[in-house]
Structure formats: C-alpha cells, structure tokens
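Once you scroll down, you'll see the structures, which are given as structure tokens.
Note that chain A is present in both complexes that follow, paired respectively with chain B and with chain C.
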Partner chain A sequence: MSGGSLLAWRTMHGVSRLLPIVLVLLTWQAASMTGWLPASWLPPLTAVAMALGGLVVSGELATNTIASLSRAGAGFGVAVVIGVTLGILMARIRFVQLAVEPILVMIYPVPKPALIPLFMIWLGIGNFSKITVIALACLLPIVVATFNGARSVDAMLLWSAQARGTSERNLLWRVILPAALPQIATGVRTAIAIAIIVLVSSEFISSDSGLGYLIFSYGGVGADDAMLAVVLYLALLGYAFDRLYVNALRRVMAWHAFAH
Partner chain B sequence: MRVVPLGLVLLAWELVTRIGWVNPYVFPPISEIFIRWFTLVANGSMFAPLLDTLWRALLGLGLAILIGVPLGLLMGRVRWAEWFFEPLFSFAFPLPKIALIPLYVNWFGLFSMSKVMLIFTDCLFPIVLFAYHGARGIGQAHVWSAQARGTGPLRMFWRVVLPLSLASIYDGVQVAVVVAVLVAVVTEMVSGGGGLGTMMIRAYRYGDVRTAFAALVTISLVGLVLYHAAQAVRTRLLFWHVSDSQT
Partner chain C sequence: MRYGDGSNAVVALESINLAVAEREFVTIVGPSGCGKSTLLYLVGGFLRPSSGEILLQGRPITAPGRDRGVVFQRYSLFPWLTVAGNIAFGLEEQRMPKAQRERVVDEHIRLVHLDGFRDRYPRELSGGMQQRVALAQTLACNPQMLLMDEPFGALDAQTRRILQDEVRRIWLRDTKTVLFVTHDVEEAVALGTRIVVMAARPGRIKEIIDRDFDVADGEEFDANPAFVELKLRIWRSVKAEVEATRA
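The block that comes next holds the complex of A and B.
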C-alpha cells in the first residue's frame, strides 16, 4: 500500500470512529434546543463550551490544572522511581522479597482512596497527604509488574551476560531492565489511570484547588455548565495522557516487537 | 511460610508503636486496632454501615452485569453496535467516573440512588469491554456450525456467544467487584449517607484513628470476600473451560 492511501485509510478510520461521539454530542444539543432536555437536568452543549471558554480565559482552568497535575505527577513520579527499584530488588535479592512481600500482601486488598482519611490525620489536609496516597496507590501495580517482569527474565540472557563477565550494575541496566520493560510499561499505564482517580477523590474530599475541587465547587453551587466543562476537560486530559503514553511507548519499545 | 513474614511485619508495627517511636494516638498499635474492630463488630455498630456499603455495591454491580453483558456481546458480534459503542466506551474509559458525583447527585438525589448509579456506571466499563473482547474472540467455526443447523440469532446469543465469552466476562466481573466497593466507599466519603465510607470520614473528623482503621479493615475484607466469591462462582461455572482447567 502506498503512503498516500494508507494515510487516507487512517483518516477515514479516524472519522468513522469519531462519528458516534459527534452524533451523541449533536443529539444532546438538539435535545436541549427543542426543550426536550431541560437545562436543569443537563445544560446544552453550547453552554458547556462557553463555560469552558470562560474558564480558559479567566485562567482558572490553567491554575487548577497545574495544581492537579503537580500533585498527580509528584505522587506518580515517586511511585515509578520507588516501584521500579523495589520491584527489581525484590526479584534479585531474596531478603528484600521476604521483607517487602508481606507488606504488599497487606496493602493490596485495601481500596486506596479509602486511605485518604487516615493520611489526612497523619499528614494534614494539604498537598503532602494527597501526594502520599497517590504515590502509594500507584506504587502497587508498578512494583508487582516490575517484580514479575524482572523475575521472568530469560535465564539464558542472564547466564550469557554473566559468562562474559558483565558486572551486576551493567546486568541491571543492560539486561534486566530492558527485558522487564514491557511488563513495567503495563504496570505504569495502570498507575496513570489510578493516579487520576485518587487525585480527583482526594480533591473532592478536601481541597481548595485542583480540577476535582473545581468540579465539586461548581457542582455544589449549581453551575452545571462549568462543572460539566471541567468534567469533559478532565476526560480529554485523561485520554490525551493515555494516548501520549502509548505512542511514546511504541517508539521506545520498537525493538521489542522485532525481538519476538 | 508466607505467614511468617506477615506476622513479623505486624509484630514490628506493634513494637514500634508500643516503644513510643510514633505517637500512639496518631498511629495506634495493631492490637488496639483489632480490639476496636472486634468491639465494633460485637456491639453491632459495624453492621449498619457494612450493610449500606454492601447493598449499594452489589446493586450497582448487578445492574452493570445485567446491562453490560448483553451490550458487550452485541458489540462483539454486530457490526453497527461495535461501530457506535466502541468509540464511546474507549473515549469515556479514562475519565475517572468519580468526577461525575456532583452531576449524579443532581440527577438522582443525595441519597443511595446517586451512589448506586455511579457504581453502576463505573462497573459498566470493565464488564462491557471484557464481554466485547470475549465475544469478538469467539472462533468463527462455532458460529458457522450453529448457523448451519439453523440456529436463530437469539438462541445463538444465549447458547453459543454467551457461554464462549463467559471466561472473559468473568475477568471483567472480577475487575468490577473491586471497583464497586471502591466507588461505594468514595461516594459515601464525599456525599455521606451512611456506609463504611461515611464511618471513616466521621472517625477522621473526631480524630478517631482506631475506628477509621477498623472501618478500613472491614472495607478491605468486603473487597476480598467479594473477589473470592466471584472466583468461586467462576470455578463452578467454568470448570469446562480451557483457561480455567489448571486453576
């Protein structure tokens, strides 16, 4: 297939996928305009779009996005660093596995947002408790995925590297980490979704900034158009992050597809 | 073998708090948390919140299964249904459904209804998507041989598509069980109305860490029990299935 027609096919496919979403949005707008759907139930799409515009212009959206993303990003970043390190250490050193596994077993069945009240007692109602809960919630899928990935590295690869006298450090960076990468990547993708859920929950429960706070405070005063604007924006943001991550991953791991 | 390290962790927790390295008011010894838990269970004050959380979670989950399974199967077997619903579900999937709490409170009121509907919405996603992938992955040969015998569309869904997708549907249900408990607890924390989530927030307001921990223990137990109950039903229902023959 030539490049041009591939591009055309992709565009067609994209349009066909977008069409149902457009249809739903149009139906929503039409139902509002005919008065069939009262604004007290669901404000018209145009009102939501206007509210979104207002939030962008006033800068409210930007400041609260930054507040939310820095919380989620900090927690998530900490979880990636600690999670990958811990997962690999667990896979390589028996003692670490013995020490950490029971703690994981204990935390695993706990729904992480349920930890928010406890962490508010321990660390206050500010950013620190939110970031800690986000980090903890993101940590588990990353540790488990890394541990499983690093443990199941093909022994042949390890032996042949060791037979060439590869140092433990090189073994880690050049063999184990790349081999475990696909599993780590899956764990990290789960963690991104979890980070947003815990972020919004924690901002609902106690906050004076962030997207969750915006949704909750607009919803509380009955400004449904502004509330829905932030909800839709959050959906787009989540979608964009997931796409970005998957695309970045495809680049980084291009070699992996060939390796198999 | 696995119990020993866990016991050591609990013992370390007990010792650290007893020695006074951390403030026992803020971080109580594990023994006191269990004593509080047993007390609350014994005097019945854990019962009402547990029941509230449980029925909301189960009702929401049940509705999601009732509607999500047929919808997912339809998407997996019927072209236009796939064309229409698949983009909607994959677009809305990354949205944290918890963000809809204020909207649902507006629609369904402040009480149980809005909570149940949110649990339903959140559980719908894993169930629809797993049912969809299950139905899509069915070997065409099964469908053809049923068609050759003149099987009608309704019977086809009931006798061929549903059983062959059941393993995948169950994966979705097991994800959804965990989601149901989580959403129930978060909605109860955010908009009150009883249940274990409200119990935790109340304990937090009084600075009562022991009760908060005790509620957390119950929440985790509910999640675990429901998850394993789903697993048990699965092994009974799917004993004939290849992917389940080992477990």
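The block that comes next holds the complex of A and C.
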C-alpha cells in the first residue's frame, strides 16, 4: 500500500470507528426535536452541549479535570507498579500464589466504591482515601492479567533462553516480563476504565472538587443539562484515553499482532 | 524417565543406552509418543532423568548450558526481538563486547541467508525464515552440540529440503555434534550418519543403523538405490512400531 492510500485508509478507519457514536448522538437530538423525548426525561443534546460550553468557558471543567485526573493517575500508577510486581511474584513463587490468590478472588467481585466509607474512616476524607480505593480497584485486573501472562510463558521459550546461558534474574527481565507484556497491557486497559468509574464514585461520596463532585452538585440542584454535560465529557475522556493507550501500545509493541 | 508418581506414573523412556561420538550427526526417528523429544530434553538438561545418567564428555548433565544449543519446532525465538536481537541474545548473556557481537550477528545473518531481514520481527517472517533465525541464534552461541527437536516439522516440503541441505552444510563446515529428532524417515536418512529408531510404550531404542553412503545437497533421493533401500528398511521398522502401539 502506498503512503497516501494508507493514510486515507487509516482516516476512513478512524471515521468508521466514530460513526456509531455519532449515530447515537444524532438519534438523541432528533428524538428531542420531534418531541418524542421530553426535556424532563432527557435534555436535548444541544442543551447539554451548551452547558458543556459554559463549563469550559468558566474554567470549572479544567480545574476539576485536573483535580480528578491527578487522583485517578496516582491510584492507577500505584496499581500498575504493585499489580505487575505481585502478579509476577505469584507466577514465579508458589507460596506467594497460595497466600494471595484466594484473597484476590474474594476481593475481585466486591464493588470497590462500597469500601469508600471504610477507607475514609481509616485514611481520612481527603485525597488519600480516594487514591487508595482507585488503586485497589485498578490493582485486580492488572494482577490477574500479569499472573496469567507470566504463568503461561511457553516452557520452550524459557528453555531456549536457559540454553543460551541466561541467569534466573535475566530470565525474569529479558524473557518472562516481555512475554507477559501483551496480557499485562490488556489488564492495564481494563484498569483505565475502572480508574474513571471508581474516581467518580469516590468523588460523589465526599469531595469539594473533581468531575464526580460536579456531577453530584449539578444533579442535586436539578441542573440536568450541566450534570449530563459532565457525564458526556467523562465518556469522551475515557474514550480518548483508551484510544491514546491502544495507539501507544501499537507503537511500543510493534512486534505483537494486536486485535484491536 | 518417568513422569508423575504412584499409579499415575508414565514411563516415557526405559533403558536408553546411546553413545554419541564427537562430530557425529545422529538422527532419532520413531512413532509419536516414543519419547524421542523427551530424550532430547534430557540431553538439553531441561528435564532430569528419574534414574540413570547422561554424560557429556564424562560429566553428568544437570542443567541447560551454552555448550548445547537447541532448536525447537516452535518457540525458539523471542517475538519481541528483531532477527538481529534474537541472534544477539545469547551473546549479550555472555557479555560479548558490542563490536564483536555485531560482527558475529552479521556473520550469522549471512550464514542463513537472511540479509536484509536484520530488523524484522519474527511474526513478519515465514515459518522457514523463522527456523533459519532459530538456527542462526543457536549457532551464534557456538555450542559444541546441536539439539534439534523436529525443527522443520511445521514447514512445507520444499522449504524443508532447502533447510535440510543448509543444516548438512553447516554441520560439514563446523563439524559439530548434532542430535536431531524427527518423525520423518526421509529426513532421518538424509541427515543422519547414524539413525536411531525408537519404539514406544515404554520409549526405548529399537535399533541403531549406520548410513554407509554420503548424501549430497539437492540430491534426488529416489534416484539413489542405497538411499531408497535404507529409507524403506527404516520406514518398515517405524511402521511396525506404529502398528504395535495401535494394537
């Protein structure tokens, strides 16, 4: 494929990805305009967009985005570091697996936002308890993915390295970790979405800043269009992060055939 | 060699007694499940024998080592490294200086005719090219002995022939000791100066046959009566084992 047509193909591909989203938004607007969808049920898209514009102009959106993203980023970062380490340890050391796996399996289905009140008692109502609960929620998919990835490294790949004189330590860094990377990357992708979900939940419960706080406070005073504007913004933010992440992966892991 | 314990134990290999001389090319052929790969993994040091011992130049084998290079049917290459990266892997582990390493890598890329593919990743290469890289990766570490576990088993007939000739040429050039496992009787005769026929359940050596003629690159095997005769003899021997395990 020539450079020009490849670019055209990629642009087309990008547009076709957005098409379903555009269709949903258009249907929403059409339903509002024809009167099928009363504004008391759902404000028209145009009203939500206007409210979003207002939030951008006032600077409210930017300030609260920064507050939110620093919380989510901190929790997510901690989860990546601990999650990958723990997952590898579980896969390599039988005792660690036996000790940790039952606890993880038990914690996994617990809705993490339900633990927020408890964390607030232990850690205070500030950022620390929010970051902790985000980290915990993000940790699980990363640990599980890393564990599965590191455990399922083909024995022959390890043998192949050992026959080339690789030490135990280098085996970990040079073989097991890269071999597990595609699975780790998938766990991290799940964690990105979870970070946003738990972030907003934690800001609902107690906060004076952040996007969750905005949703909660506008919802509380019946400003449905502004509330929905923040929800829509969060959806777009999540989508943008996911695309950025996947594109970065494609670049960094050019050796791997990605399905998405 | 046993797998498992108690009543679940499987005897994979029994009473194997095989001496391989230096610079010999030994092929091991037999029905699937006869433990021919297990035997190779034992020599590689990847598995430990449950009884008996394997000596390499008088010393027992206890672990994998650089003196024994291995090529598997698959999974010999690291998917995240390029052709050059894969070949350099073992050299980096040996802490070879960079300039020398680059030279050895280039030399081995040329050896297996992969000039121009230096910076490709394994998934961008055909199965035959991947096995060439695996061969280069192993040869670059300069092992005394090559262990090959059905390295061409997943390749098409033409590619297999080309790579067989290449392996024979490399063996003639470097005169390394080669232990080559295959289920393909023609391959066993085409490459091995000595052919070990194995029997299954439990895996054991059925017979060892010396090939008393030479095989040349690109030779038409069917036009060589001695080749045809030996191939037929070994094929019958293997077939009898396949039938015995079915019964």
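One rule holds for everything that comes next: the second predicted complex is superposed on the first by the 213 of 260 C-alpha atoms of A that agree within 3 Å, B and C clash if a C-alpha of one lies under 4 Å from a C-alpha of the other, contacts with A are read in each partner's own complex, and residues count from 1 in each chain.
Following the convention adopted for this analysis, contacts are C-beta pairs under 8 Å (C-beta built on N, C-alpha and C of every residue); 3 or more make two chains touch, one makes a residue touch a chain.
Being a predicted model, the structure only gives us computed values, none of them experimental.
Superposition model on chain A: chain B and chain C are shown accommodated side by side without a clash. Once the two complexes are laid over each other on the shared chain, residue contacts for A:175 go to chain C alone; chain B is not touched. Of the two partner chains placed around the shared chain by superposition, neither chain B nor chain C is touched by A:66.
In the superposed pair of complexes, A:215 makes contact with chain B only, with no contact to chain C. The partner of chain A that touches more of its residues, comparing chain B with chain C, is B. When both complexes are overlaid on chain A, the residue A:30 reaches neither chain B nor chain C. By the touch criterion defined above, A:246 reaches neither chain B nor chain C. Of the two partner chains, chain B is the only one touched by A:110; chain C is not.
Our summary of the superposed model lists a minimum C-alpha distance of 19 Å between chain B and chain C. When the two complexes are laid over each other on chain A, chain A has no residue in contact with both chain B and chain C.
Against chain B, the residues of chain A that register as touching in their complex are 16-21, 23-24, 41, 98-99, 101-103, 105-106, 109-118, 120-122, 193, 196-197, 199-201, 204-205, 211-212, 215-216, 218-220, 222, 224, 227-228, 230-231, 234-235, 238-239, 241-242. Of all the residues in chain B, the ones that touch chain A in their complex are 2, 5-6, 8-9, 26-27, 83-88, 91-92, 94-96, 98-103, 105-107, 178, 181-182, 185-186, 189-190, 197, 200-201, 203-204, 207, 209, 212-213, 216, 219-221, 223-224, 227.
Taken together, the chain A residues at the contact with chain C in this complex read 154-157, 159-167, 170, 174-175, 178-179, 181, 253-257. Contacts from chain C toward chain A in the complex involve residues 41, 44, 46, 63-66, 68-70, 72, 74-82, 89-90, 93-94, 121-123, 137-138, 141.
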